[in-house]
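Look at the two complexes coming up: chain A is in both, with chain B in one and chain C in the other.
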Partner chain A sequence: MALLGTLSLWVAFLVGLWGAITGFVGGAQGRADLQQSARHATFALFAALLVAVISLEIGIFRHDFSLEYVAAYTSRNLPTFYLWSALYAGQKGSLLFWASVLSFFAMLVQVMTSGRHRVYLPYVAAVTCTVATFFITVMLFAANPFQRMPFVPMDGSGMNPQLQNPGMVFHPPMLYLGYISITIPFAFAISALLTKRLDSDWLVAIRKWTLVSWLFLSIGLLIGMWWAYVELGWGGYWAWDPVENAALLPWLVMTAFLHSVMIQEKRGMLKKWNLALILGAWLLSIFGTFLTRSGVIASVHSFTESPVGYFFAWFLLLAAAASIALYVTRLPLLEAEATLESMVSREASFLFNNLLFIGIAFSVLWGTLFPILSEAFKGTKVTVGPPFFNQVNVPLGLGLLALTGIGPLIAWRRASIPNLKRQFAVPLTSGVFVLLILLVAGIRDVGALMAVSIGGFVLATVIQEFARGARARHRQYGEPTVLALFQLLARNRRRYGGYIVHVAIVLLFVAFAGMSFKTETEATLRPGESAELMGRDGHLYTFTHLGISQYNTLNRYVTAALIEVKRDGKPIGRVRTEKRQHVDALGNKTFEPSTAVGIMSGLRVDLYIVLAGLVNGTEQAVFRFTINPLVWWVWFGGFVLVIGGLIVLWPGGGPPPGTGPRQPRSQAGYAVKLEAVR
Partner chain B sequence: MKAGTKFAFGAVLIVGSVGYLMASGIKQTGQYFLTPSELAQRVSADPSFYDLGLKVGAHVVRGTVSKDVATQTLSFHITDGTVSYPVVFKGLPPDTFTDSVEVVVEGRLQHDGVIHATNVLAKCGSRYEAVPKA
Partner chain C sequence: MDALSRRAFLAAAVAGAGAAIQDTVRGGRVYDPDRAGRAQAPITAADNDAHIQAIEKKLRCTCGCGLDIYTCRTTDFSCTYSPALHKEVLRLAGQGQTAQQVIDAFVAQYGQAALMAPPRRGFNLLGYYLPRALIVIAGAVLVFLLYRWTRESQTPAPASAPPLDATPEELERLRQELAKLDG
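Up next, the complex of A and B:
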């Protein structure tokens, strides 16, 4: 399998190189034969990489420990479920995974792109092949997943227990899919720059791709948060770790793009900005990969230092230089077709939204790189942590949340005073109302007050939009309310799906605000003893240690404590919390003990119980009890966000805007686009 | 005033506040990240360096770790090969903490010469790689 694997990597390397050359040359000289060859190269590339992936998986499933990768990340007693994920549990395998998925997307875009967008395809093939070839180069010359062991060990080292969690089976591929799919919009951007076809055509071609990237990045981030929460045991879901930040950066830029692209479609403005966002998002995705693989920034998450980092650093530099040079030479072709007419317009609110997104992205990037920057410029390493990111991003995030409500209420071009009154009356009242309720309830945390009351405002804007839209349909077509709501959503997926995403953002912000009310205690308990903790939901929770059990299962020794939980004296259930010592097939310990957190999740609070250890091997145990408010709403908000994203993405639903002649713009923001009867 | 000019004001306002928030954030929450030798140097040059929030990255000295489970106090020494400091930490160490790992200790150096840690991060070779067989 090692031979077949390495061989297929070499084939992929040559095919990728061929695709890159024929794509660029064929595009530049307009030679149809070369263009066709580049297109076919993406198919061959995918086939060759697929063979490599299958070879590696066969090696993993056969426990072929003559392969260094298989020996390093798996063992005979690793559950089958995690054998699948071993493909991307390590550096080398994840590079292979990355290249293969990219080649799949490269092929897909060649097959699925139709009509007048096909003119972009030769260069798209060239760019995707170039990027894939880079990843294959890294594998062949620095991190070959098919490297052989000098001897064949009896058993492999096994997989890090923290990765043996369902979240880790889905989190990396989702995040990678997001990262990787950004390459397609990037390839179109480069192609648009090279072909000088810089009108809004290429934006239409990449609309679905940008949404797909955004959706996968979102899902990846959310699963990652869930994994950190249930597996790492420190009690939260987001720590502003460099690796988390690296994943957040492209997400922020993509989100900014999804908004600003609407201005270009409607008004022909922001062409330079939109192109820059796509180029930036892709460079940030490569930068994120570099950050996690090079060891330049100390992170508890990072892969070990390796020469792979140099490859990425050079690739990043070259790609950035090439993109920026190309971008600058095409700037004269990117003049706006219209100018901003009023500060009180949808355009202006979108511009501010973009500035805030980029401001947040910049501060996250700056904070992440600050140890390096301060060492380079001031000679001392200064680090910033969660307090910095929270201090900067809470106000910016709240501003953004407010714009989430304001933007959709303001008309394009110029809003009139009566129009503003009509649009803002109900939502503003709702926001103030929520604020008053919270104040009466005795909440004094400024951040939480702002988050929830602005959230109330945004929610009211969305409800108002849906209500008005449904009423308009009701009047126009006589549809009953429920049908009207459904039709509204089905006929204007982008707009109303987007509103659903806004609702999800409100839910997430409120849930994030809840974390500032967490309470925590640590206790050493003998069986029968209890600890008490007051939750900020106004209830007193009593945790009684019922006893310890120890047993072997699959590939680990488990030490489990059973905790009985009472709320205000009434029993509400039992929670198991575990410490796991993973072992190899011979019963020797592998890795350090890991934590399996006991969580009792509810709508108001999560009870989060960590077993820290036993006192001198007795049943006396050390626990940390945390009451985390509103965590459930993070997952629910994430679910709503994905649903909203899927609605926007779902194919069909009338001609997409921008394909026909530009629609006449309605003055008021709420008006429904009424479909012509066909 | 033209809309473009007004917008420029708004943009400057946003960019300015981002800049201000970042600068003040770094000033208020930035922590020195030092090795034990650098820390010793700083302290001897400037005695006011005590009781200042900082991070120290170093190796745990093998055999110096003592845990008092009842009071949840962990004490150990850290070194970069030349200078070593005792550390006291009250709380739960991470799963990956052993007496042979690289750690980042977050806390304050007190006048008794002990680093009172508020947080201990253990940096295993990598989370994704197996522990190398010694």
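Up next, the complex of A and C:
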């Protein structure tokens, strides 16, 4: 398998190189034969990398410990479920996974792109092959997943216990899919620049790809948050870790793009800006990969330091230089087709929305890199942790949340005063009403007050939009309310799916604000003893230690503590928290004991229990009890976000196929009726 | 079951009973303490002291985890650094030092990297204020550009501009279509 794998990597390398050359030359010279060859190269590239992936998977499932990668990340007793994820558990395997998925997308875009946009495809093939070839180069010369061991060990080292979690099976591929699929819009952008076809046509070709990328990044980030919460045991889901930040950066830029692209589609404006956002999102995805893999910044998520960092640094520099140079030479061709008519217009609100998105992205990037800059320029090592990021980003995030509500209320082109009054009356009243309720309830945390009251404002805008739309359809077509709501969503998925995403953002912000009210305590308990903790939900929680049990299961020795939980004296359930000592098939301990958190999740609070350890080897144990408010709503908000994203992405429901960008369409879903009302 | 295995079974049962008795005597000793990770010291009132926790949340653990001392000592139970740093915080606070004095003592010993966020002075000011300054500048530039663009759009067309190639009916239809977009 090692031979076949290495051979297929070399074939993929040569094919990728060929695809890149024929794509660029074929595109430049307009030679159909070379263009066709580049197209076929993407198919061959995928086939070769698929063989490599299958070779590695066979090695993993056969426990072929002659392969260094298999020996380093698996063991004979590793559960089958995690054998699948071993493909991307380590640096080398994840590079192979990355290149393979990219080659799949490269092939898919060649197959799926419709006739009108095929003119971009030779360069798209060239760019995707170039990027894939870079990843294959890194594997062949610095991180070969098929590298052999000098001897064959009896068993492998096993997988890090923190990766043996369902969240880690799905988090990396989702995030990778998001990262990797950005390459397709980037390739179209480069193609548009090279072909000088810089109208809004190329944006139509990438519309679905940008949404796919954004959706995968969103899912990846959410699963990563869930994994951090249930696995790492510190009681939170976001720590502004450099690698978390690296994943957030392209998401922020892609979200900015998804908003600003509407201005180009509707008004032919912001061409330069939209191109810059796509180029920036891709460069940030490579930058994130560099951060994760170079070891330049310490992180709980990163792979160990390795020479691949140099490859990524050079690739990033070259790609950035080439992209920016190409972009600058085409600037004269990117003039807007229209001008802004009013400061009070949806276009203007989207521009401020973009300002905040990019502002947050910059401050996250700046905070992530500041320790390196400080050491380089001042020789002083500093730490930039959550306090820094929260100080800078919370106000910006709240501003962004407010714009989430303001944007949809302002008309395109120019909003009149009566229009503004009519649009803002209910949402603003709702926001103020929510604020008053919170103040009466005794809440004084400024951040939480603002997040929840602005959330109330945004939620009211969305409800108002749905209600007006449904009412208009009811009047015009006589549809019952439920059917009218459904039709509204089905007929204009992009707009109303987007509103559902806005609802998800509100849920997420409110849930984030809830963490300001978490309470926690540590306690040492003998069996039968209890600890009490008052939650901010007004209930007294009692945690009674029932006892410790030890047993063997799968690939680990377990020490479990059982805790009975009472709320205001009434039993509400039992929670188990564990210490896990992982072992290999020979019974040898493989890692330091890990902690499995016990969580009792509810709509109002999560009870989060961690077994710290035992006192003198007895059943007397040390626990940390945390009451985390509103965490359930983070996951529910994430679910709603994905549903909203899928609605936007679902085929149909938009303009008829073949129509250009800026074709008139019933964007509001009820515009016809509004005119009839007038 | 042959005689040998019966004897072995009985021996194991007796040993098990003995272990149970021993457990009772020792107050519930677990089967294999090594499987439960590093032994923990009982929690004291100082460990739960909000004042101590607030100090520790501002100080970084030196184990390389990137977490603050409080989070590390209550999360990474294999870390040997955070319990020692916690004891150091307790010792300094026990001497009557204020929170700031404890933090200053850590900075004196470990450098600025001991802080979870760099102090607001010198080069670090760039860290804090550059993003904000750039956002404010970008916002001002955006407002200026918006102002200029909207003024340009309001400037009447020059007299030499060609007349619109549309009938009044078509212009009315256009007006209505644009009004739809405004909705």
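The rule is short, and it goes like this: the second predicted complex is superposed on the first by the 655 of 678 C-alpha atoms of A that agree within 3 Å, B and C clash if a C-alpha of one lies under 4 Å from a C-alpha of the other, contacts with A are read in each partner's own complex, and residues count from 1 in each chain.
Please note the rule applied: contacts are C-beta pairs under 8 Å (C-beta built on N, C-alpha and C of every residue); 3 or more make two chains touch, one makes a residue touch a chain.
None of these values were measured; they are calculated from a predicted model.
With the C-alpha superposition on chain A as described, chain C and chain B clash in the combined arrangement.
Judged by the touch definition given at the top, the superposed model places A:A411 against chain C, while chain B stays out of reach.
In the superposition on chain A, A:Q581 makes contact with chain C only, not with chain B. Of the two partner chains placed by superposition, A:A313 touches none, neither chain B nor chain C.
By the touch criterion stated above, A:S363 is placed in contact with chain B and with chain C alike.
By the touch criterion defined above, A:A89 reaches chain B but does not reach chain C.
In the superposed pair of complexes, A:T559 makes contact with chain C only, with no contact to chain B.
By the touch criterion defined above, A:T590 lies against chain B but remains apart from chain C after alignment on the C-alpha atoms of chain A.
When chain A is checked against chain B and against chain C, the one touching more of its residues turns out to be C. By the touch criterion defined above, A:I21 reaches neither chain B nor chain C. By the touch criterion defined above, A:G617 lies against chain C but remains apart from chain B after alignment on the C-alpha atoms of chain A. Taking the listed stretches 7-15, 25-33 or 79-87 of chain C in turn, the superposition on chain A shows a clash with chain B for 79-87 alone. Where the contact sets of chain A with chain B and with chain C meet, they give residues 233-234, 298, 300, 339-343, 348, 351-352, 355-356, 359, 362-363, 366-367, 370, 374, 380-385, 387-388, 391-392, 396, 522, 524, 592-593, 595, 610, 612-616, 622, 624. Per the touch definition, chain A reaches chain B in the complex via residues 72-73, 89-91, 157-158, 160, 162-163, 233-234, 298, 300-304, 339-343, 345, 348, 351-352, 355-356, 359-360, 362-363, 366-367, 370-371, 374, 380-385, 387-389, 391-392, 395-396, 399, 522, 524, 590-595, 610, 612-616, 622, 624.
If you check the complex, the residues on chain C that touch chain A are 26-43, 47-48, 58, 60, 64-68, 71, 74-75, 77-78, 111-118, 122-124, 127-128, 130-132, 134-135, 138-139, 142-143, 146-147, 149-150, 152-154, 176-183.
Note for the complex: chain B touches chain A at residues 3-4, 6-7, 10-11, 14-15, 17-18, 21-22, 24-26, 28-34, 38, 55, 57, 69-70, 72, 91-92, 94-98, 104, 121-131, 133. The residues of chain A lying in touch with chain C in their complex are 232-235, 239, 241, 266, 298-300, 339-343, 348, 351-352, 355-356, 358-359, 362-363, 366-367, 370, 374, 377-378, 380-388, 391-392, 396, 411-415, 419, 521-524, 526-527, 547-548, 550, 557-559, 579, 581, 592-593, 595, 610, 612-622, 624, 664, 666-668, 670-672, 674-675, 678.
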